[in-house]
């Protein structure tokens, strides 16, 4: 069993910039100790609501980019979609505000030893952690094709620098307001075949991950996914964030996606809804 | 004059009164990278059952105003694997350990107690008879005097007096002092107060119960007034029985409330989710407060609200 | 198509489901300067007793995380003065009125019921058998099936069927559905769920219980998950009994949670302290939400969480 | 029975200025509808903690000054002592912040029909509402002597404009850091006699009010007090803020200090601790 990310620290950060891009907020945070240990796929946990908050739990955000030695010091960047109360609070915080953060947390995307052809597939803000990954892969000599989809153009996260790191980028929107009209899965199979993709990295809503996985499985392409489960702690102490995962011993266990994930081998995840019957310790 | 921060529960001595809460520190290892577990009064492990258990369906949590619901359903590896992997690691780390157990039947509690005999390094057994996250809430032994009593008797007999027994009770009862009385008579050396309150959140979008298990246990600052009241009531009736207090503590001042009500030690649960260092921070704050109130020792503050 | 926002409780019809909560709107007059009381589904008056009562010592309130404790202790002018001054004003204002009564004995409840007979303009009687702010908590009739039953029977007989009877229950019991069953059998036409939870705050400076009455009733958003759970449990067992839900509602979305769990109307208590217009705001938000969920009427949403 | 202040409105205000003076914060709020109806002695109730606050109850502050037609629009000013979490939050709010306020609430200081000699006596921030009162009294032709006390000089609230409105001002501090060393009551009797005071207005902690009242009673001087009881609602609907007050019918009742107060005739208040035995409806 993998234990908590050994590089995690708890620290106080300061917002350097909070800008709206499309439907999202791009927040740059100056904070010591997190970028230093961060790898693509890791996430951070942020306290929300201030000193007299009625929200006791931290909120989880994938690291979009991080840099230990930028000209502003050690920085971490995130892409925030306003969803409920906590993310709404976050998007309202102005430059100079203090944030309490724990990170980097969770597993990171495994990097292939050899320069192979990979695809990064991002749904909505799920694209955020993939461009840093793309850069690492590029430096390894991989060919990287990107496929980014969302409901509408405002929800496509594909920053200019990101676009430069990849060999190609395909965009789909359900309403046709940007790129091809339709879903990621409408164009995925062609893209995988054309570019002879050997490994897929995907991040987005569970429905999308599942649809991608069906195609990956059919084409026998390895698939690393980053999942998004409700997390109360993010550090492995509460057991809320579990998913059924088959171990190397063949046994299915409910593993914590905050420490055994969020990056998981798509083949090991049991994709059915609920707790699968063969899970260790399943009751009744 | 030096301040004495230690506490004792039925003969077991702890360097300070701040413990983790069962189910809110897994088996301790996860927190160990943030601080040394020896800094805590004790680690209380996640309630362990006889066999491996996968727990309830997800989602397993919902945030509520100043609180949260959880419906973990006692997921765990089972007692054997727990002893082999988690407990042995914990003990070797030098941490003080309170092992929490949960069974589906009176016999299962007894079997768990037997399995734990003879393990060096356990400071106490917390008997969780109050977990609301079970399929059949009739299984909440702490809801009925007779079943509460039967479980504690079974644990006592099977444990052979090796470690103090702390019975963990539910606040979801008409009169908690009656349940306390039964478990004390059955041989509990201390009480853990309180487990979570049974609650539910309905998702405003789907209009269905949000949790996979429908109901869940309410914890966090929201429930602190219920914890203080319960501890106060039980300490008033049984002033000699040590209480491990818990429920919504997230600052030294909160912990002091529970201690003044009658707790000899305080477990920190939900607060650790919001801050991995919560236990350490609370421990420091509490010590400073006790000193500023001119208490020569923690023990002098226990139950002080009853005398003033 | 027009949306039907009205609700009915055992034959009494209300234009909308948002009521005040007993003890959180005094006798209505104080709120009347902020808005017309006719905008509310109903005013539920502060529980009235047979004789004048001064209530408990101050301080009577403590704020808690997302909640508050109160220990008012049923201060009031007594039923005669209430009828003469408060009730007559209220009825003449055109507001729908639910009168809440509280007694110290079964007979006192009966006497209160008799006093209320024949008054035109009362829509229902809420029988508060669950106030935790009494000197002897044994007086909480809702804590025990037999006493709960006796009170409701006495009210029913003495009321002579003039108005629907709503029994207000306490969440501080082991199984609220058992108490619900008793009061339904005794003739309650509806249930009010929930009264406050018994709680305590210790003042961190004096280290004494903060409230004059030591314990108090916990209300506000903190307790909402307990209210939702309780309403859900009772509605599951008695789907035909109308429920007046309450506990921590401060937005339309909160109110919708209680309705989806099984409430036919929702009382707003603590939220009015934070905002005199809370009831009006919540009423508007709820209506918008129900419409956006495509319900043709409020009634269609009641208990919907059980079917999904 | 007096009912809620009929001029009360609930409205949204904006902080124009928030400055520290001594131990206090002087906050000026632009808000419609409150100054319009405010009288000296009235208070306002302010929501604290922001949208995701864990503090459901409003906080109560005496109106220090208010002006319906200032050059900044309609304004209300308060003097805030940092006490617990809510007042601390308030002192941190910056210019431009929004505040949700209900007011003016409660009773006001009764103004004598004739020009008589009065004393205003303020303990700590209790002095805040007294200077506006002094101005009203001055305009009525009264002689006004002020006596302001506190533990230490930083807690003496006696603004320059305030000083100008009164005929004399005496200051006492317990530590002697300003004015005379000692308590208000050490100098009170002399001041009352010297200036032939006919009516006292006092505002401050209950202990001080009580000590002042003993002297006022002994000298048979009328005494209007402004009390500070814990209030959950401030608008008369919760019954938390009660005090034992003797009515004109001689009966003692627990009255709500938020609507039958905070300004109360000192003679009518029963000064004993707890609920007096003769109170209507006293239990046991």
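Of note:
All chains are identified by letter, namely A, B, C and D, in their written order; residue positions are counted from 1 within each chain.
To be clear about the criterion, a residue touches a chain if its C-beta (ideal position, glycine included) is under 8 Å from a C-beta of that chain, and two chains touch if they have at least 3 such contacts.
Values in this document were obtained by computation on a predicted structure and should not be read as measured data.
A count of C-beta contacts for the chain pairs A-B and A-C puts A-B on top.
Averaging Cα coordinates per chain places subunit C and subunit D 35 Å apart. A separation of 47 Å divides the Cα centre of subunit A from that of subunit C. Annotation: 56 Å between the Cα-based centres of subunit A and subunit D.
Chain contacts: subunit A has residues 54-55 touching two or more partner chains. Multi-chain contact residues, meaning those touching two or more other chains, occur in subunit C at positions 65-67, 220-221. Taken together, the touching pairs cover every possible pairing of the chains. Of all residues in subunit B, only 65-66, 221 touch subunit D in the complex they form. Chain contact summary for the complex, subunit B toward subunit A: residues 23-26, 29-31, 33-34, 46, 51-55, 57-61, 63, 65-68, 70, 72-73, 75-78, 135, 212, 220-221, 250, 270-277.
Interface residues of subunit D, counted against subunit A in their complex, comprise 48-55, 85-86, 89. Those residues of subunit B that touch subunit C in the shared complex are 62, 64-67, 69, 143-144, 172-175, 197-202, 204, 206-209, 215-216, 218, 220-226, 228-229, 232, 248, 253, 256-257, 260-261, 289, 293, 301, 304-305, 308. Note for the complex: subunit D touches subunit B at residues 54.
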